[in-house]
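These notes are about the structure you will find just below.
Labels run A, B, C, D, E, F, G and H following the written order; every chain starts at residue 1.
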């Protein structure tokens, strides 16, 4: 089942000793390991015990690759976001998609208030097989991207913003009401979940 | 005060006899009259008594022009919306802006999921002095328009949509979180209020 | 673009004359036509003018097939729901998926409170390429189905229920928080959107 | 009244000196004592003064058993949850149920996305007299368990999750809309309340 | 399984022909039948075909008793509510509990703003084995009743009220936060669900 | 205007230097001073400069009485609450009412789940002219008290509780829906506002 | 108890026959009768049987005065509102206050966007003993009035408005957060409750 | 585009090194720089590297003026707020408007509960070209100000308050429902956005 996929640990709320135990057990199974939601502090402590681990600060994730990742996806998973504050979620998605055996690409500086940068990237958009579009605030980017491509778009609202963004609710509602067909949505900040779904789609 | 502006009646929840009394009183003052939120049925009954009245079905409004409208706005108020269902609100804004002494223009068939139609209208957008952007569902249009122009944008969320649109709340939140600077927002479906604010802006 | 897909009309809020005009225009383009959210009354009136149209009462939709549907999907799109009240949304998804060139199958009587019926259908589940899981009330079915298969699952919350179901919000939140990876979500009652996304996925 | 039940202190928001005073007073009454919502720090300080006290880190609770617990429940109270993060709430329920004179059992590693582990425990489920089912995120577990047994199920939503889990609201709504009959619900994270109700049920 | 329980039909949203088909099928199984959420109009039509059916206007339910109800509950299920507007929900609970083989009793005129009527009924309260407490508006009755008895209390919020009652949300929240231990809660207006849970509890 | 009332400072969000400046200015006016929402730390620092000030830890308030308080209220203002956690808000109300020239009394240990303690205090309740009833969680106490007296009841919801108490929203909604006539409501935790209104009422 | 107060019937949700029975019973007790929330249709039917009844269309209420109303209030209860749409709630308050033995006065055409009309009424405001301020939309009127008087102000939010008024929630929140001390709040549209509380206050 | 406007950095969530890099790059472009949402700590660190920078503690902002600000606005932008707690947002608006080339003025001590202070400032209000009105709690100030002037009013809700202010939601809703025409609204605490829109309006 799910062959080629890494073992995954959801790091949030787990202590370093708890994670150590889990990682040790998973290492024995021989597969690659992806731990998400790992703070820099926890990451540093885990790397003391597991020097082969890599900590990815942008994605707040830790990986241990025990074997090379075999590409099993049919095309490229493209991760799109508008700017600095959404990057942690986008990076979690990008890393997850890569670990799950996909060719990946990223487009991190394109927002709906500056369309020309996005439109200039038409070729990159057109070449993707599945798109993960990450956006906070009003969450309009997936609609715009969805209107430009004919591929499945997975929208990830982020908790970025303040006031009436309500920790990602505004973006979530915007995405659920997207006027572009072909857009589906995952939970706020769930870059991992978007990449998992994209991997299932890409594999087929 | 507010010279040149019509007398305004908010028709919602008023009976035909109540409106008759108000209109008769306002006619005596000699100005133009704008009644918003008037159903076709009420409009027909009012036109029996006031044959000089015009009913605007799209805008659900009734006007009586006792004197020619003097243009007092400095530039054009442009009303933008994406499609059929938002037209009643857009038309209320357009009619109000015209009655308040503005040159007006409309762009009714441009949505964020079909950017090319919007981008093709760059000249119309650039020539406007104030823009009223009407949108339901995810309410992304004001952000996109706001990114294309350097003029004040008044965003009007509409109650169009279903499910997680929550009668316009999704669009309202999207607009309040707009990533384009220069966007301000009025109440859901408040085409009148947007046009009133646009008139104050344009007059100056 | 999107070749092989039908022309689509969102019938909600459109009058019969408006729909007649649109359908007439679309017929001239030669493609198949799908009109969703069409009440039985409107459907009957439209069939008077367009006798070649078929009205689908379960799906509350009207179709006109001007040419045979070419199968362009790689596998089967399976639509799953728990019971009677969710069927209109499930049927909208099923019809849409079929019109968009997919082999389709349906599993309409499986709920989380009677797991054995669902588990007995393991083979049907395993053979699908993409699954659309429709559920109201607590919206738990996509998590359970998602745990049984390794294919993309598109979850559709429905507005079925009462009290604390809040017109589909409970189901929507349940699905967004699904503990099964690979689940993405569309708007409440949006059977069409789920099928559109499934078609994009299946085509690839 | 409520003979055999321990004296209970709700520790949240109480200072150590306040708790000392209450515990001293209750000790004099001769019964057993259960203090819930006690942080490890407070627990350690209280154990200095009351060396006979036992601190239960998983349940975040402190107990003093001045006499043996007499079993007064007719059957077994079974506490079910899906995984690591829900365990504090489950453990509070388990400890409370035991202190209140019930035979208790726990099933801590069964979730709806991995049904087979749950189904493998059919015998344990069938032998329980009352079930307490603890779940965060989408809160689907009580529906699934409720469909497998013919005993009262008390559902406890937890505040575990992120984004659209809204600190337990998603799970709470899911449980209130449970499609399995026989499920009743308590407040988010209220393991104590669930066990109290279960004890009243089991006693009868 | 669940022997002695009637077959149940949730009438809401079902047409008379649909209900006829279901009732006919269930009659063949020989058990008693309970259809809830049946409007008077539907009830009258169904009684034409099934003259042995009884329509209960207060409970908005229809029953067909093919055999005498065997009492299988250990004690009395008592249904408590404050006044006129909550009676439909209370009556649904009472009827359901009776059909499920319980001795039942009702206390319909006791509210928290007139405590003396409630306190005067101390004996009735004390003799019940399980209590179902139905309340709208502020939903305080279950807390008060729960403080007077040592038996399980199932609280049912009703959608009765206006303004800030939010169709039962105020009552629901009040009950979930009950300061009386031993209170569990079901969905808004879910008299049936409360009685089902009460029957499982009473049977044991 | 408002003669006899103290000068009031809302301490929340003000720095110690800011408060010093304000207090110094107010002292010069010769009246009494009440500063609410003052943390113990700020209170200690302010008492260094103003040794005549009294810090009230329970009420989290600081007072400076430059002249004796003249009783101007016609009767007694009674502050009622259920238990430990609501005391800070009750104490703020009690202190404010006293500073504003009222005879005051308090009843701090009466809750709806233990009616007998409340009923035993019938005489105290009956003798009050205005009642301030403070309650968190389900907020039922004002309804019960309101049913026992024929005097104005001001209800103060508190943010005490967890989970579905939503920081006082459950209590607030309960109070707004009170089934006892004569109950009015102030903002969550607003003991000051309740006492101010009570003082206006009592003075008359 | 409550001598001098009329008997009150809450008409909403009661049938004409139910109301007939209640009125007949209350008439026998000899007091005055006030039925609120009575539609014109119901009012007309009740007046057939009770010709001595008076129907008040503005207040949507029906009264039967069996004896003259004795004035028991110490001063005048003043009801203030801004305009046409809030009048039904204001009129319910005014009628209730009068029936409960108060001198009453009304100020119906004063809104916060036209302060001068309100300021011109300073004498009327100053002469009132208790003020009931009714407002929909942003609910700002009670703050403004509360700043002008030193008497208790009871604020009544109304469900008037559209879009983000959320059926009175915007007005309710505005009133709960009033920056004017001395303001207390009742449920949305609860003119009756405001007048009842005002009567208790005025009587003292 | 937007000539004369400063380069803007949104400081929230950015680290000091990130800001250093951005500022260095922007300095090279030769324009003025405005960084908003900069904490005092960050401000101090940035001033070490950029001694020409000015930190504005009230506005929580940092500016570097590389050239004199050219006045390009036609009139004065007036920023109005009620009191101490709203000043940070008002100051952010004032500073932004000044940097964007406007004559600016401020009115910081006028609230709706003390109208006379506001009315005394009629001349200042009348002389403004655009008004930014900042208010927390019930957010009534923009309605009152909007009723006094005939110029565009931009309302900024603040997150100031507690309890039912819900971090600015009460103020936001109040402003969206303003009964004064000509009022538009921006996100909670968004002083910058209000000033940006005011600058676009004033420039024209």
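The working rule: contacts are C-beta pairs under 8 Å (C-beta built on N, C-alpha and C of every residue); 3 or more make two chains touch, one makes a residue touch a chain.
The structure displayed is predicted, hence computed values, not measured ones.
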Graph separation of chain B and chain G (steps between touching chains) = 1
Remark   = Overlap of the chain B and chain D neighbour lists contains A, C
Rotation angle (°) superposing Cα atoms of chain D on chain F, nearest 5 = 90
Query = From the centre of chain A, which chain's CA centre is farthest?
reply = G
Inquiry  = From the C-alpha centres, identify the chain that is farthest from chain B.
reply    = D
Query = In whole angstrom, how far does the Cα centroid of chain A sit from the Cα centroid of chain D?
reply = 36
Ask   = How many angstrom between the C-alpha centroids of chain D and chain C?
value = 41
Task = Could you list the positions in chain D whose residues touch two or more of the other chains?
result = 163-165, 169, 172, 176-177, 181, 187-188
Query = Can you name every chain pair that touches?
reply = A-B, A-C, A-D, A-H, B-C, B-G, B-H, C-D, C-E, D-E, D-F, E-F, E-G, F-G, F-H, G-H
Query = What does chain A use to touch chain B in their complex?
reply = 82, 111-115, 119, 137-140, 143-144, 146-148, 161, 163-166, 169-171, 173-181
Note = Note: in the complex, chain G contacts chain E through residues 12-14, 18, 157, 159, 167-169, 172, 187-190
Remark   = chain E contacts chain G in the complex at 84-85, 160, 162-165
Remark   = Within their complex, chain E touches chain D through residues 1-2, 74-75, 129-130, 150-152, 154, 172, 176-177, 181-188, 192-194, 196-197, 200-201, 204
